[in-house]
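Look for subunit A in each of the two complexes below; its partner is subunit B in the first and subunit C in the second.
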Partner chain A sequence: MEFLNDFKDQVSTAYELLAAGWGVQLLWGIAWTLAVTVVSMLIGAMLGSLVAAAKLSHRGGLRFIGESYTTVFRGEPELLIIYLFYYGGTQVLTGVARSTGSIGSTDILNMPSFLGGVLAVGIISGAYQAEVFRGSFLAIHRGELEAARAYGMSAWLRFRLVIVPQVLRLAVPGLGNVWQLTIKDSALISVTGVAELMLTANKAARSTHHSLLFYTVAGILYLVMTSVSTPIFEKAERYTSRSFTRPK
Partner chain B sequence: MSANVAAAAKAAPSPDDKSAISVRDMRKCFGDHEVLKGISLEAHKGDVISILGSSGSGKSTMLRCINLLETPDSGEVRVDGELIRMKQGRDGRQMPADIRQVERIRANLAMVFQSFNLWSHMTVLENLVAAPTHVLKRPRAECLEQAEALLKRVGIWERRNYYPPHMSGGQQQRAAIARALAMNPKVMLFDEPTSALDPELVGEVLRVMRSLAEEGRTMLVVTHEMSFARDVSSKVMFLHKGEVDSVGEPKEMFARPPTPQFKQFIANFNK
Partner chain C sequence: MAFDFYLSTMWSVLKALPLTLEIWFFGIAFGLVIATGLTWLRASGSKLGEYFTRAYVFIFRGSPLLVQLYLIYFGLSQFDFVRHSPILWPILRDPMYCTIVAMALNTAAYESEIFRGALRAVPVGQIEAAKAFGMSAFTRFRLVTLPIALRLALPAYSTEIILMTKATALASVVTIMEMMGTAQKIQHDTFRPIEVLTCAGVIYLLLNLSIARLFAWVEYRLSPHLRPPPEQSQQIRPVPEVL
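Take a look at the complex of A and B:
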């Protein structure tokens, strides 16, 4: 009986805390997490396609750059790269600003936290996306690329009409994985002070001393975000691979 | 269809210039292996040339060197009298001097592949209009109209909104032939168009090819179909170990094989 009463108390405390403003804060946290993830994915898509192209290039120098990129950014801890970009970026910005005299010799020019965070997470995401794009390109039926050449298409037309649509089709499942990784990586940029879900949960837990409650709620919210994205990617996959599945 | 023929007729330069494709002394090595050892070929407008040879004789490589899918190591290729300009690459190998010229010439040399190579993410209709609209920059409405007419002609108009992987091999190859025709090409290159087909589907593709030959199209056909070579083509060319073994009028070639190699080759087929 006592246990049940205790549980009731817990629930009503949780409700009060969430209703008192922490609930809204957590929702904002979700919004920031999604913003960080989407922007990082876009940065990663741009970098990833360039890096994939470099890795597939005939030129040894470009291949080396591409290989190094994916080796370094998949091989280093994410947190280290975030620190490097945020604190390292701050140091570089401050140095430049001081030397040009835009700020005083004791002032500090901070790396904007959102920018530093999405750059770091985007660069990491780009390393994984590069592998996905490269694998997808290699999976395109060679004959279709050859047909595009044989019909007089320029390199740009082949890219636009044949390579991009097919790479996208083949890349969707892999990109789904990268999206999940990127959502999780976004939690790490709480260290730069972006008020995304992780930082918000942290703040709530510390100032209310209800760690169990807030970390559990945050955990559930992350799980909701990652699991909602699965059927969305499955739907995208069905759409992009429609030419390979029998029509009903 | 008549619009198509008219367009082809208009594209022809002067009546006295009859050469459609002229290849002189073409050589090609893959590593140490010399696949083409100095091949020459003359195709006049309206010629249907069957290129025969056992596997490894270099016949597909020769065809692929004509539209520069493979770069020949040496030799000259002229299409409609125009020389494809080559230059020396940094690695010492020959390469096209002007890729724009190559792209323009390729658009006139529509190729039909052994494994069809239709673009699998496009419907049949989209496959037929992609290159005419983007490469030849013709109006889309006009291309669609022509595409539908061509699909009717090859008998797969009902499948125009299908994706290639949903069709049989014979239907895909007929779609691929229609895609080639949609370019209003000066010459059609066929690279073993029936070799990947189930035996019962070969006939439908050969019928389409025969009708193209009958309307006077210039065709180079790498094939193992002896009946097509003998009955439909205007000239037969037999390659043996990277060289032209014999060239001639089909009835004559098959009745009196000019070389022991060709005699052996057709004997193997009649077994």
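Take a look at the complex of A and C:
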């Protein structure tokens, strides 16, 4: 009975704290987390397709660059990459601004935290996406490329009409995995001061001393985000492969 | 001057390598124990075990490790019984132990899925052959299922171990001075983040590359039956007519 009362107290405190404004803050945190994830995925898609092309290239030099990119950015701790872009960006910006005289010799020009974080997470996401794109390209039936060549299609036409549509179709499941990974990586950019979900939960926990409550809520919200995206990607997979399902 | 700075930074970060390896090792070791338990629970066929492992995997794979770490380090200490427990409190008030606990719980979720997949991928024919030989369930598991499943699990397991190496860097956010924490401190003292983080990055990369090489070697050693015989691999032999 006492346990039940205790539980009731906990729930009402939780409700009061969330209604007192932290709930809205956490919702904004979700919005920022999604913004970071989407922008990072887009940066990653651009870099990833270039790196995949480099890795598939016939030129040794390009292949080496592609290989190094995926090895380095999948092999380093995410936190290190984020620090490198945020603090390293500050170092570069400050150096440039000081030498041009736009700030005083003791001032510091900070890297915008959203930009630094998104670049870092985007570059990491790009390394994983490159592998997904490369795998999808290799899964395209060789005969289709040969047929396109036999029709006299130019390289650009082959790329646009044969390669891109198929790579996109085959890459959907892999991109779903990278998306989940990127959502989780986005929690790390709280260290640079972007007010996404993790940092908001952190602030709430520190200022109210209810860390258990806020970290649990944050955890649940991340679970909601990752589990909501699963059926979306499944649907996308069904949609893009609708002409490849076996007739019943 | 610049070279000296790189050298001294490299050396300071390297001195923190044992601590990183300690977190890494214990995280992986405890994670393996938990993962084995989870896999067993899932394979045991009980409905309750299946629900539990499904929920466990869903929770620990669906949320960031950082949230799990904060929840364990900052969150659990709010319970009175945790603070008054003579067993739990010494573990949960220490950031080092908390990191190890968080990493072990997290990696166990991923590993149990890897092991489950590997167990399912053991060819049915091999198990049937073992049954036909009259092997007991335990002998079958020890001599047929387990060796094959371990070899099948190895590539995915090595990926997971590399993810764990990367995860040790998170210990720095709960004040542990492992490699990342040390690099952070030097960076704050000198305001030369690019140089310092490059040094740390080189060490992490070398560490991960050697782990990957080690696993590749183990995999090679464990699959001699899958390699083409050395003297015949050069030439293509004609397919016999009997087929």
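Keep this in mind: the second predicted complex is superposed on the first by the 245 of 248 C-alpha atoms of A that agree within 3 Å, B and C clash if a C-alpha of one lies under 4 Å from a C-alpha of the other, contacts with A are read in each partner's own complex, and residues count from 1 in each chain.
In the analysis below, a contact is a pair of C-beta atoms (placed from the backbone, for glycine too) under 8 Å apart; a residue touches a chain by one contact, two chains touch by 3 or more.
All values derive from a computational prediction rather than experimental measurement.
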| item | value |
| --- | --- |
| Touching partner for A:159 - first (subunit B), second (subunit C), both, neither | neither |
| Touching partner for A:149 - first (subunit B), second (subunit C), both, neither | first |
| Which of subunit B and subunit C A:28 touches, first, second, both or neither | neither |
| First, second, both or neither for A:233, with subunit B first and subunit C second | neither |
| Partner chain in contact with A:169 - subunit B first, subunit C second, else both or neither | first |
| First (subunit B), second (subunit C), both or neither touched by A:243 | first |
| Touched subunit A residues, subunit B compared with subunit C | C |
| First, second, both or neither for A:205, with subunit B first and subunit C second | second |
| Subunit C - residues contacting subunit A, complex | 58-59, 62-68, 70-71, 74-76, 78-79, 162, 165-170, 172-173, 180, 183-184, 187, 191-194, 197-198, 200-201, 204-205, 208-209 |
| Residue numbers on subunit A that touch subunit C, as the complex places them | 71-72, 75-80, 83-84, 87-88, 90-92, 180, 183-185, 187-188, 190-191, 198, 201-202, 205, 210-212, 215-216, 218-219, 222-223, 226-227 |
| In the complex with subunit B, residue positions of subunit A that touch it | 141, 143-144, 146-154, 157, 161-162, 165-166, 169, 242-244, 246-247 |
| Interface residues, subunit B side, partner subunit A - complex | 67, 69, 99-100, 103-107, 109-111, 113, 115-123, 130-131, 134-136, 162-166, 179, 183 |
